[in-house]
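Chain lettering (A, B and C) follows the sequence in which the chains are written, and residue indices restart at 1 in each chain.
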Amino acid sequence: MNYFPSYYSIEDIFVTQEKVECKVNTRLQRMGFLDAGSETEDLEPGRTINLPLWYIKELKVNNSYFTIAVPEIYKNVHKAVCEAETTHIELGRLHPYFYEFGRYLTPYDRNHVIGRIIFETLRQRVRHLLDISKNDGDQSKPEQRLDNIESKLHEAGVRTNTLYVNWLQLRGNNICISELVQEHQKKRKRADRSEDEGSGDGGSPSSKRITL
Amino acid sequence: MDPSIIEFIGEKCMISIIPNFSNEPLHLIYGSVGPFRAGFPVFVPLWLAAHLRKQQKCRIVPPEWMELETLEEIKEEEKRSKYFTKMPSEHYMVVAQLVMSTSPDDVPRCEELRTVIKDIFDIRESKLRTSIDAFIKGEGTYAKLDNLTLLEIHSVRPILPYSLDHIARYQRMATASQRDTSMLGLNTTGANSGTNSMSNSFFTQ
Amino acid sequence: MSESEVALNDQDASTEADLAGAYEEDDDEDAEPITAQKVLEILETAWTNEMCAPELLQHQTDMLELMLSQVAHMEEQMRDLEKNDFRYVVHQMELERIRYIMTSYLRCRLQKIETFTQHILNQEAAREPADKRLSPEEAKFAQEFATHMDEYFHKVATQYMPSQQRGEAEQRIVTPNLMSHVFLKANVAVSGVIVGVDDEEVDLTPGSQHIIPYQLVADLIQKNQAQLI
């Protein structure tokens, strides 16, 4: 099934663990502990602190406490998106959850840039994803090139391709033993052999069994 | 729906066999087949044909379209046409695969046929990728895919629908939180997507 | 040998009558006799629809029961045949195919029930008896599954949490993405199908194929005007 965030999805938990940079707008009494660099008991306006997304996402967009700063990564790809040159970007390196993190932040971006950026970026990169999952092999380190959503799409594409190629070939050269079974057989053989060596009952009947 | 299920569905196609035995008609749930008379052609479902052939109880009569000239024409037509042409069978790959693997001897010039059919599939598949590209760049939520066969659809499933799901989710999010996109200058579908497709196709080919 | 031959040749007529009888409760007087072939077609469509749809579709208990009795009937007829008899082998192969469709179909539904348990139960509670999507057996399974999950969660986690956290039941409901894109084939001509967020409309011609968000065509599938592929 396609990724669709829910209470139980581990990815969603990872995304919401991410820290978001915010500017403090009003004095928050006895909240100084949120700011590692602060020496006052209260959190003073104008300070910048990092808060986890799971907290931020429960706040109203126009809350009076914090202003959310648009992460640099989204500003940085802005130009590439405008020029439709996003296929070469190493998205996974920018942020492992580039799209989902951006989706959560979209409503908090007063300039309405993030929402459009993640939408446009994926739109531009789908063709590339289709291509690399069809011709996999030479792609090095997809975890750097692709974000989490893209990796899942890529995996799905590679799987499809494998299924198709197997289907085409199965007919020609009969059903082949699955890797799992092969491994199991190897293990069993190894176990048999060590058993035989250990049992020491003359060796000849058991060695016959191996050659069979 | 992976290839084995598509094959299973395709195996319902009727195909002509020449049995070397005689038997009364069989009343299958799917419909009656037979009577079987040795030496006379009779239509049966593909799964039955494959079984009987393996038992050496029949010879398979390849469907009319499974012939080099016809397929070459189809291939040329497919190259010429902007759209997907209608295939002689909506399971042409499955039929070809099953017939040629169970009874290569019943099909004249089997290897050549195999190559042409594979070519046709590949042409259609790359056409599909190109049209997907245009479709996604066009910001559509819906596209027409007439004459595409199940196995061809399989080549982009689930990656295409999944990608579209995500794109749609992000689009909904973006439009829900704002209407004015002029900030980015990205709300132009015409001029911008034109340059998009150029640079992209250059990159990927 | 000859006896069973007669029996097998005879069965078309007899099962048609059986099936018509069983189907009557739905359509009262003018019940058209439904053939086993038609039942199979309905099940095949239900199977592919179920595999491709993001949400759980209408159950097909009637059709499944008809087909099961048909399969049993067929097996009864085959009892006297030799195991390597040509007819036995062919009928057996067909029954295996039909069984596969039915089990794959039911398994696919179970998967959805296990994924969206609470969501499905909530929807079912709001539905009229005639519109229920779960068969009675599935409803029982779903209810038990939900109870067991709740008990398990309570036992291993929520009982140790502050009571505030326990009230998150609503949030924990997993729902399908109804805007998932699906591949659709129109069975009949359908005009004025809304295909986009901007109320863009399209007429579907019979046999035409489309990729489209499920929710926009869910009613066409329900009405069998189109099917998922």
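As a convention for this text, a contact is a pair of C-beta atoms (placed from the backbone, for glycine too) under 8 Å apart; a residue touches a chain by one contact, two chains touch by 3 or more.
Owing to the predicted nature of the structure, the values given are computational and were not obtained by experimental measurement.
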Q. What are the chains that subunit B and subunit C both touch?
A. A
Q: Among all other chains, pick the one whose mean CA position is farthest from the mean CA position of subunit C.
A: A
Q | Whole-Å gap between the CA centroids of subunit B and subunit C | A | 25
Q) Taking each chain's centre as its mean C-alpha position, how far apart are subunit A and subunit C in Å? A) 34
Q) Which whole number of Å gives the spacing of the CA centres of subunit A and subunit B? A) 32
(Q) Quick check: what residues of subunit B touch more than one other chain, meaning two or more? (A) 157, 160-162, 165, 169
(Q) Using the touch definition from the top, which residues of subunit A touch two or more other chains? (A) 2, 4
Q | Residues of subunit C touching at least two other chains | A | 177, 180
Q) Which part of subunit C faces subunit A closely enough to touch in the complex? A) 115, 168, 171-177, 180
**Q.** subunit C contact footprint on subunit A (complex, rising order)
**A.** 1-2, 4, 6-8
Q | Parts of subunit B lying in touch with subunit A, wherever the complex brings them together | A | 2-4, 7, 97-98, 100-101, 129, 132-133, 136-137, 139, 151, 154-163, 165-167, 169-171, 173-178, 180-181, 183-186, 192, 195-196, 199-200, 203-204
Q. What part of subunit B is in contact with subunit C in the complex they form?
A. 1, 5, 8-9, 21, 23-32, 47-48, 51, 57, 140-148, 150, 153, 157, 160-162, 164-165, 168-169, 172
Q) Any idea which subunit C residues touch subunit B in the complex? A) 5, 8-9, 11-12, 36-37, 40, 48, 51-52, 70-71, 74, 86-87, 89-91, 93-95, 97-98, 100, 177, 179-183, 195-197, 200, 202, 207-213, 216, 229
